[in-house]
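As written, the chains take the letters A, B and C, and residue 1 is the first residue of each chain.
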């Protein structure tokens, strides 16, 4: 379960209510430095809400979150977020988008463009520096988004269903690239998906969340070997894990469907 | 017995009165549109209406107010106004373009001292105007007075800053010091003269043509829309009779006239009297001589002066627009 | 067979031809005596007047006088409206405070400001600029606020997540992000500014296109009136064209 030592994110007794509606209830969680945590669950179970609390976009109704020793009470660039809809600045070129966080920090132009260039190459977009986002495909835009977050050198990277809008082939390529970046940078990552396969592919640890009110109902260590190639994906251990998860996720989906039909 | 005789006298009086009334009164009342304002040139037309002279002649006058001569003449051109007294400058502007829509049928009055240049702030003479701001309504008689006076004083075009200010705004502009001098006509002329610390620099009697031809910068003429006159010649003649009856009132009984006029002009009684007395009100009998005599020569010179000061492109032959056919019996 | 779409040259040719046709018909009607030249002068008279004024050196002076007044008032209004609008767009409290004033100012036509402006500024150029300003400020502000509120909130979140402070969000995200909508609104405002300048020049002006039209009207020089109107149209079209060039440069990321 735990890797070597340092707690990066501590989620203590978090609840989030919107009036009568309870999105999250008593979530307790410790995430170690360097973990690749995947949050799995049906739609509306509060995964995005939890992420928004970690980044500081929202305030919890109860409990507190501590990231890298600091309590979260405002938006913090140390938790870099990659959005499903990319959220690139359409009036900026690729390189200016990637350098944005550095500009906000006040880093000089020459230096920040150099850093940005490195990350653009890291996500495989060399040659596209001067293009505008409108000229890029969905997959390329997501890469720019990832590079933009990486260039800011955050402690934690949060990804909210980043590949959901992409076609299967692009998704596969990006999943591979993300894994490579993870291995090279050793960043702590929280990744949201509703695809069990994606979870099994990317994670070191999987958290399954219940339907409303959101709570962690299952916490599984992913011991599948790397690289997670075709052979691993067809192995018995893979299927074992998958069936273990499937049942839980299924019942949670049913519960949430029943709850919403009332 | 007593009653019978009174009765009989009354009936005789009624009969003779009826005989004296023009034929038109027995027919249905006819209507016409008059373009007026609070300017003294419109006093006869207003009085003819308020004292009932027009009604007796069987004429219903629809009085419309116009702020500027050009607006009034526009209405004449487009048919909205049938008869109007107008400052001749606007009429000359149209005549120089060859507009034949109207004729000049009478000259109502001659006046002096109803417009002028007033200055404040220690400016005591025309020469002192150098480098100062003077407000006047462009394309008006006051404007021509300014051009004439400044020219004769030897000023070059930009020695005095002449600004275009609409007549109703002039008193306020003077009061608040936005302009150093104003050229206006009554009633704004009177209200500016009443402000404290002002000096009258020149009035219309200083106009170059006044000295030679007794023509002020903005003599009034009575115009009629040609199409209207051609269709209703008898009506126009009857109108002029009632009109000049009002002129007689202005001449012979100024207090009575002033009382009735203050409703139009909103002037205090004293100013109203001065205004009435300050003009020479012509009679119907005088019209024949005026329309054909040296006064017309003066008007032609006025047209030439306008050309000289670049207000109009070319001088029309004024007498081509005179129609003296309505002043006869 | 599918018809070929018309080429640009063909479309331009059609437009040009219709203009020529219109002018020819107009001229012919006047020459044939169908219209009294006082009511509508022929295009040749308007052209002759234009050439005469160019010879006297008065034409350009009038155009530039009005253009200067438009620009000063317009630039002053946008210089204040853009930052103020962005601030109001981002703060609900500020908006609540400003709304009553704005609602009161917006419907007032520029002409209604003339008496007050004369009292405050006298008969000066500043007074003219102020009329253009008062006529354009409130609508410009409304446009900017609208544009600001139309920004995708996700972009603001992304910027905050990347470390942008409140001011940086306004300068680096909201300003460039709303620029497209602001620019298109400003084109409308510029047209409005020209209306204001014309009404400002009715009072206490000695030159300018509005003055030209009013003076021409006083002396029934209708070709001067028409010339003034034509010049206004041309100048507005020119400024529109320049605007579009600016837009294309600033907004090239949209293609």
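By our rule, contacts are C-beta pairs under 8 Å (C-beta built on N, C-alpha and C of every residue); 3 or more make two chains touch, one makes a residue touch a chain.
Since the model is a prediction, treat every value here as computed from it, not as a measurement.
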Moving step by step through touching chains, the smallest count that connects subunit A to subunit C is 1
Relative to subunit A, which chain's C-alpha centre is the most remote? B
When centres are defined as mean Cα positions, the distance from subunit A to subunit C in whole Å is 49
For subunit A paired with subunit B, centre-to-centre distance based on mean C-alpha positions, whole Å: 89
Inter-chain centre distance, subunit B versus subunit C - centres from mean C-alpha coordinates, in Å: 42
Could you pull out which subunit B residues touch subunit C in their complex? 68, 70, 73-74, 77, 90, 93-94, 97-99, 133, 135, 138-139, 162-166, 169, 172-173, 176-179, 311-313
Can you tell me which positions in subunit A touch subunit C when the two form their complex? 55, 57, 75, 77, 79-81, 83, 85, 87, 89-93, 100-101, 103-105, 132-134, 148-149, 152
Would you mind writing out the residues of subunit C in touch with subunit B in their complex? 36-39, 118-119, 122-123, 202-206, 211, 215, 217-221
Complex contacts: residues of subunit C adjacent to subunit A: 152, 154-155, 157-165, 168, 172-173, 176-177, 179, 251-255
